[in-house]
């Protein structure tokens, strides 16, 4: 339930248009619904402006299905990240409009329309192998109601590939830069644009990459200003933050 | 030179109001000025919307003075971070309106007026010992033209201290959260507000803190959404990013 | 053999009620039984108040079966942790009342009654994925004779879910808090209750989580007092310590 | 203000024995007092059973003095850890009964009497160099109203030194074991007693000790049960937890 | 070829008892034999007193077979470590007396008799799971001509199990102690005996064990003297060194 | 397109020997070709003297095939590293002269002749298990037009094996040294030759090797001069750099 | 003694132009001179083409003076790195033409002329604070007889500063790139030039820089080819390698 | 008290040659003497063959003096490591024959004669800067009654310096090899001799040396057999172990 919906409900009660039973039904789970294994945070949208998102890693197929079953009854748009195809198949049985994005490993269910701002979010990758993380960011941003500009494989080993895309990127309101290995691209982009840059280190690489550590440390110590960092491979976090900024 | 100033100059040349000599003088250093030890990036404001900032650590007093001397001739507002009192004293001899902020270890020089948005930036700390980093963020945000709300010492060991300040914090457009030790405060704040949170880990702590590593890793793996992270003790980076977002 | 049983045996010998052969049989393995691959510590209960527990990881199915076979002859309650289903099936062939707890990966065999204190142990998790570790703690506490209150999925991203459960938690004598990712929940709980908190970091997470390191460091550097920490994913250790404190 | 004091105050108001002004004075700071740089958590004793403790590292002499000045007005016993002699001298000017414990680096001020349980806390060190951390634990336990048994320099290189002291240690209700280098002592003690062991790794050592890391990892992976761990050099945390358990 | 064999050959040449062709055949590969993928160090026994040992990890089955084929022609005893059953099966086809030790993952081939000293090597483990590494050490020591005393599962959680075995251990000339988790056993043993202790950390454990790091650091920082350390899980290295010392 | 080819094209246009259409066709992709998932850097040879190389790890079979399909149309020699047999089979269907080097995990396609310098590159390994990385370096050097001297299994445990090969190695113009475990061989070689040494740490080893970290740190801190280092297992990088130096 | 000098000496002996005494004097220390604390490697120039260099860190002033005293008698050019002013003053007393380079912390003594190649070495830094390391590289390259092009402060936050200098850099035969923080500059340069790039990470930065680790890992995992890496702050190593390549 | 002395005392009591008082005086402190801050392990020589050694780091001057004062009364030879000059001066006041070894940072007091074996211990260093650690090993070995051969500065950058000394080294019974930076020397020596090698990593180096980590990991992963390792900079531990082996 978001701010508007809650206000409408209160008004309905005040005006007598909403019956006690109806009001009770809608309000009793305002805080959270306890499924035993999980407590679904129904109140989150009121607090943070965004519905709860399901992080599927470490959950069983049944737990994911349970949670989605419950959320469907609330009419929210639903995003499940780090989802497997098995989870998608289980969800499909209870909701036929569920979509699976295999590259991004996400399930999305669109139930209500969201206002989409005019401005876009740019999602830029250094290499081809960074695309899955970028797609997680892109799907996240789109499901929360944003236009996305995808610019892939423009890393620093051939930096001229970035320059051709720079005017389009500069037109966006916020920029997500996804890179593995040495993770240098956010520094370059941060030095060329006047928009917030959200850097996503990926675990792409080997050896001294140490599963994304090289890219992570590189981005944190970036000599460019206006760059902040999320966890290794955290496309969702970057897409979420970009959406927040794009909608301010 | 920012976007507006450059456009005015081009117009002046087109209209014949600006002489060739004058135009040359103004344009020849558009890209950068080479001081030998440093190449001052005069072009940065055009590219990124912000003038170059001097990171003083690792520079000599003379180098800092040289760079500021040059920048003064451009009429920019100046921010120098990680500055010592010695540097300030040297700068004072060439610019009497320079101010020193000992807690934040910054020198500021205000030469031109900047438009300040209506919305504020909240700067929140977990403890008293985190204040110097928070002040670096606050001074940075202020010198770039932002209103700042300071909320200090509201860490998770007594989380009720945060709740009292929550309405004010929620009114801000972007929130900087500064915390050392386990660095849990950004997760809490991120779960309670609908605004972007910029998390700053500090090196406050001992033992398994490993000079800020515990806070850094904690913030990167935050289970709250809408949280991005900057380098350990990087108050400047957080203040800069917050300003960027606040001015979008 | 525990304190009481040993005293009774000595009395029996003194009074002549226990024959030499009988006494010899009971006392010869008082110290430990040597199975070649393992030396079972029969003396542990006398020393520490708790019978030996079998940590199955790195042991073969046959070794686990051997050890349990021997322990059965002593009449003790038996707890085997990190057990596989294969181990359980082998144990089943020699002891039909063995129970397997798949989520907790433990085998339990109850042979003698234990006094259960009035007070309870609260076992709290931050997320759904932390439940297996929490269950290991819960089963451990229960097999050693304690009442357990389970409170799952009340992590800091939606901290209001914790507040609803706080009165019940405060009624417990000791609190186990299980959390992965940034591991912030023990700090929060520690700041809200006047009972000892045992923090269990889990390896749930990815990237900068580094297999539980972020949660571990966070808990060790907690700014709340009254929090101590066990190894990553060590539900058993937390349940054991909680039982010790609950029974003081 | 602790539970009893609050109940007495409420009763006084109900019975009319406490005037409005008096009640207001006592209640207005119930939550916290805001000194600007610090928010003193007056409510902590109600919540956790213990008054706030001042962690002096990273605070200025004036900040420490300010905080103590305020706390003195509440009549609480006061404990300040990681204090310098300078801080003590400043505190002395406002409170003559303040005591300094140079080895433990703590300042204590006793203002009200606390009930001391019959049972003791054992504080055991592996070496002579671990004594400062052990003393921080001991002073903490004593200021919170506990009897302390000190057993120093009984580390594993000459383990017979421990055995002589074992009966006394076993008589205590909870045991703090402080060790640097390989940190093996808590494992040994944990295998010999039936009481909770709180392990404190110290930064004593060099080379592969990595500032206490070897002891910390050793204690976390202890093969003995009933051992939990606090941060490197965190004598305070261990003394606090031991007090909590001793007073259950 | 060892010292004695070389001297005999030289004498044979001097006395004319060995023909030129025979001498040439025996001497041409004195230094090393080049198999392309490997250069077998035939000279090692002359230099170090021990024949070359085959470390099989990272080698193909064919490479291992090739190397052994060549070594067989020299009449040496052969030891291959980290061997798989597949490798053993391949070796079996060219040498029927090859033996496989599955626990120790080693292949041994005994071709010539070695003098065995009167004194023994003790090989002690903390737990049951450490036995495979201990067996690698034991097989190594035995193949090089040493008597071995195996003492398994006497770790510090029940240290009395060690004391019963102490007299036998003290009778050995050198002691190998194998332990995972916190790796405390070598410190204990080192403090109780007057013989060199070779400590072998194992990767047994989980969480903060970090694949043997906790045991490794613990052993390196041991407060007992007379303890040196080999690589994690390096049973071979310990058995080799113990043999060297036992044969001095 | 390399320097010469571009100059010839420009001359052709100037002389009217190349038609507009032809010129357009050749120049339109001069910068890069956008395949959506990848942007092929056609311009790289002009800039760096070497055509783009395909790093296959993290790419799908189809992506690799797409990229090679496109590059074939340019007539370049092609090198794909970290390739699987599946990738090779897919490439085979579009280019029959593709070769697979299973040890080196590379695919090569030779389309045009390259000038080969007189001088050679030595590629030296410490052990047999380091050969795959060495082969990646060798194939890389060969495909870029260099003669290679392979010297395998001459590590420091039997350093005399190196001395026999030293004259040949000294005759080369640049030396690649590949070593795992402690990675000492580059230091030895660097102290014996007057040629640049490129050190490649490998992940061969176990325990304190930490996946190549021991070799990497050892090589970086080498006390011999004239040694530079590439990433762990980066045979390609070493072969590429060696080629660059050999062709200067 | 270098190759030419040795050949001349042998010729002199053969022709009888050099007396026995003279020859003995020159040859007796050909291998090394033993000063007790140090063994000066007189043979190094013959082996590696370069005279021994004195790494002063960890040596006493007297040891440095002793070593230089001895080397002076050989007529070599001398380079001492990581030298203090005290060392320089001591050296000055025995050799008046010694020069001190305070920024580079090196002492140089030029005694014989070296052939200088036509081609230059470019030494490029990301920031002003990286200059000391760059100067160590530059002085090293110069003392070994190379022309050096210095290009300072052209890091990626304002990458246009690099483009202006690119033609000059491309004219050099080998390029040293010195950078701290995220260390991204070598990747950029490596993608733009067709010359070998030697990357030098510096310890400039703070927090997640971890004393140069971020720059080191970034450079090792560079996605640009033709980049090799030396130790953190190892300007000498880079200058030495660059000289080797420049003189091939 | 060592084995012989104890036997003589027992005999004296049996024969009536030792009075009750005398026997009591000698036996009452047989186990340990409690100085409060320290428990001196008088029993150690009986157990381990060596008297207790004082590790001075982390102890106050007074504590060191107290301990030595007590030990003097027992007539033992005394070794204090990591001692400062201040400690020496304090000790001097109570024992004029105390000697200080500033390079090795040790105090030695010789009170009784020890049998010295015929065989020697070789102590070899890679560089000049490793000498202090080597001297700690040498002094330790000497005070425990061993002959020492010192061979300094023969590291792998000029490995021919080692070969000249090899025959002498091979004559020793055990070899201590001390090296910093990449720590390669023990591998080389281990491959050339048939004696046990004890490797001591030192913290000499910078950057990727990480305070001795590179040398430590290198030595642990040595491809040579017969090499064991002690802690970084632990000259004492190496000298102690070498003495143990030399005296077997």
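As written, the chains take the letters A, B, C, D, E, F, G and H, and residue 1 is the first residue of each chain.
Everything below uses one rule, namely that contacts are C-beta pairs under 8 Å (C-beta built on N, C-alpha and C of every residue); 3 or more make two chains touch, one makes a residue touch a chain.
These numbers come from a predicted model, not from an experiment.
Contacts with chain F and chain G are shared by A, H. The set of chains touching chain B and also touching chain G is given as A. Should one ask which of B-D and F-H has more C-beta pairs in contact, the pair is F-H.
At the interface between chain A and chain F, under half of the residue numbers involved are used by both copies, so each side presents largely different positions.
Using the average of C-alpha coordinates as each chain's centre, F ends up farthest from chain D. We define each chain's centre as the mean of its Cα atoms; on that basis chain A and chain D are separated by 44 Å.
Distance from the chain A centre to the chain C centre is 39 Å, each centre being the mean of its Cα atoms.
Mean C-alpha positions place chain B and chain H at a centre distance of 55 Å. Chain E has its Cα centroid 50 Å from the Cα centroid of chain D. In chain A, the residues that touch at least two other chains are 44, 127, 157-158, 190-192, 207-209, 216, 220-221, 225, 231-232. Going by the touch rule set out above, the chain pairs that meet are A-B, A-C, A-F, A-G, B-C, B-D, B-G, C-D, C-E, D-E, D-H, E-F, E-H, F-G, F-H, G-H.
The touching residues of chain B, counted against chain D in their complex, run 127-129, 131, 152-154, 157-158, 160-161, 164, 204, 206-209. Interface residues of chain G facing chain H in the complex, by the touch rule stated above, are 31-32, 36-39, 41, 43-44, 52, 57-59, 63, 201, 203, 211-212, 216, 231-234. Those residues of chain E lying in contact with chain D across their complex are 126-127, 155-159, 181-184, 187-188, 190-192, 205, 207-210, 213-225.
Chain B contributes residues 44, 47-50, 53, 173-174, 190-196, 198, 216, 220-221, 225-232, 236-238, 240-241, 244-245, 248 to its touches with chain A in the complex.
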